[in-house]
Amino acid sequence: MQVACIVAFFGAWQIGSSSGYLDPLIVPSLSAIAVAFAALLHGGALWSDAGVTLYELAIAFALAAGAALSAGFVISRSALAVRVFDPLLAGLYAVPTILLFPSYLLFFGIGPPSKIALGATMAFFPIVLATIAGFAHVAPLRLRAARSMGASELQLFWYVLLPEAFPIVLAGLRMGLVLGFLAILGGETLTSNAGLGHQIVTAAESLDPPKMFAYIVVAVGLAVALNAVTSYVEQRARNTTA
Amino acid sequence: MSRDAGVLRLGVIALFVLIWEVAARRFGNPLFVAPPSETLVAAFGLLHDPDVLRALLAAFRELVIAFVIAVAAGLIIAVPLGLSSFWRGALFPLVLILYAIPQVTVLPLFVRIFGLGPPTKIAFGVTHGVFAVILAVVAGIRNIDPILLRAATSLGASRRQLILNVVLPSLIPSLFTGMRIAMSGVLLGVLLAELYISTTGIGFFSQTFTNAFAPAKLFALILILATIAITLNELMRVAERRFNLWREG
Amino acid sequence: MGGISVRGVTQAFGASDDARRVTALEDATLEIPAGELMCLIGPSGCGKSSLLDIIAGLAKPVAGSVTIDGEPVRAPLPKRVSFVFQENALFPWLTVEENVLAALAFQGVPKAERRARAGEAIAAVGLDAFRTYHPRQLSGGMKQRAQLARAFSLQTEILLMDEPFAALDEQTRLLLGEDLSVLLARTHKTIVFVTHSLVEAVFLADRVAVFTARPGRVKTVLTVDEPHPRTQAFMTSAKLAGLRNELYELLYDEVRKTMETGAVA
């Protein structure tokens, strides 16, 4: 039944296009999109733009993860620090990060760096919050038990803190990656000179909707792939440490 | 102890502002950064600028309309979906697929369909918020305490009475959670659309300030918008908490 | 009015070809004359709650029938049967008074009468001072009293109670049992009361139906010959102790059987 609904959706779309009900300048037919998509795959432009987007993501994520993991861990060591910073960070998280984008544009210009900055900012928060949550709220009972057995700080970290915190931190990293990707796409859509988002806008403005949709398909595909890969990693990690 | 934390937090914020002030004045290129003092002054100026005010008000109006539509549409779609496991199973994957599309990629499409004015911003806000409402309400319906339904049935409630008097009231906590998340979604959607359409509204001003290398004004605009965002978020959290009051524990 | 007749009721869960099919009740037969307080007691999983659901019209048996005054039960009969649940079945977003009013609305009582009936019922269970409270502000015992008030306000001939005091501590249970006995002496309802507590069963019931381990059928019916309202004196009497012991012996083998086969509800 689920399959039937999806098939019905796409079927209706195709019928709408071929019957002329859907304005081809706005919603192109599925076949046109397929053609454009194939053209993208064969041309070189797709890879360079997708590459730009992924490159921005990689750097943004690395920066965010590095900063967030270290900051989060340090904060988690002190209950007072947690009480001070956790609400602060959670509050900042609530502000739409996209608001900072204009200032990044001003500072970094319209090239990749402004997107990297945006992605990094966006990814930072879920990672740092998850790190704090993971390390600060480790079952105190288990810590006490390990301490009473004479575990050293290093052993405590390795045998209790890390395994307990790991799934939570991993979930945070995953969120950071996905949100970072979305932020970068957003930044590229708003103002940029390269990348998938940029191509979508260009295709839209040059009245080439099939190409635009084809790029959207690529973006969706990437998002799904990212999600799938990170889910898989999370699942594997959960199985080995559970 | 929590008072100490609060005080320390203020201290941290103050420290941050101080560093910003000093760094911006000493090392900052005035074309790219502005210290908080100038930002505040600029903010004051912006709030008295009728054009800026008009843009802000327009954005706010779009936000409210989009939010209302998102909640209403979400409820209308979610209640039947939640009550019927058949349709839920059938349509849910479709909903999830739609949910998975990075919405920002369809922004140019929205502009083509709805044009450069408020309708695009409202529509984009709605699409960002409606999913949160749908997911929260469907989850809420599925989590209704079955004992309440049994009790009402044993008391002789008709199907209509069941929905009106048991299902809908039970939903309210979940609805408010969904509304809180929807609010941030709608905010994001409207903001994105506003920034994208740089011919009018907030997008116009952010573009102008950027091109004119006027960081104080730009930061000020961001500050004002951020304050609005935080306030709305807080409002929704308070509302959510209040309507969760009847939950035990 | 309000005599219940249970004839050959069988209840099972799961498809008929499923190996995991559980037969909760098998060929249960019981007569409950009008005005009697009948307790159902038995090991876990013996189908007592299932039987109550069937009498209430909330479930259909696989075989057999339940009739009330000769009429078969096919659906909930809110005007004749009210139900008090073990879990908290009060609507958490309404106050005590509003909960009772809602029940009256469901039953179809005209608006003008509702307030008066609600007030009476709430006063009868001693919750008058708490009528504007929400369930989460009430203790366990008070919540159950509120449920009782809700059931009472409906003024039905038959009252079904499924371990209503199970979640309460023992002292509260016993005192509430006393209060219930007082209330019942005034109303002549037919009451079917499911419990696990031996003392509670003997203290409250006119007759106690002892169920076997799963699949449950009626093993024996014990008679408690003591007028209502039951008093504190009865609670501490040798008569009650003797009946309790008799009940214990009747149940012992069934409970043992249940524990050994692992057949728990």
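Note that the chains are named A, B and C in the order they appear, and that numbering of residues resets to 1 at the start of each chain.
We take it that a residue touches a chain if its C-beta (ideal position, glycine included) is under 8 Å from a C-beta of that chain, and two chains touch if they have at least 3 such contacts.
Remember, it's a predicted structure, so these values are computed and weren't measured experimentally.
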| request: Imagine chain B is absent, with all remaining chains left in place, and give the connected groups that result. | output: A | C
| query | Of all the other chains, whose mean CA position lies farthest from chain C? | reply | A
| message | Going by C-alpha centres, which chain would you call the most central? | response | B
| query | chain B to chain C: how many Å between their CA centres? | reply | 49
| query | When the C-alpha atoms of chain A and chain B are each averaged to a single point, how far apart are the two points in Å? | reply | 19
| remark: dist(centroid_CA(chain A), centroid_CA(chain C)) in Å evaluates to 56
| For chain B, which residues count as touching chain C in their complex? | 147-148, 150-157, 161, 165-166, 169-170, 172, 246-248
| note | In their shared complex, chain B is touched by residues of chain A numbered 1-2, 4-6, 9, 25-26, 80, 83-85, 87-88, 91, 94-96, 98-103, 105-107, 181-182, 185-186, 189-190, 196-197, 200-201, 203-205, 209, 212, 215-216, 219-220, 223-224, 227
| Given the complex with chain A, which residues does chain B contribute to the contact? | 1-2, 4-5, 8-9, 12-13, 32-33, 86, 89-94, 97, 100-102, 104-109, 111-113, 184, 187-188, 191-192, 195-196, 206-207, 209-210, 213, 215, 218-219, 221-222, 225-226, 229-230, 233
| task | Could you please specify the touching residues of chain C with respect to chain B in the complex? | result | 56-58, 76-79, 81-83, 85, 87-94, 102-103, 105-108, 134-136, 154
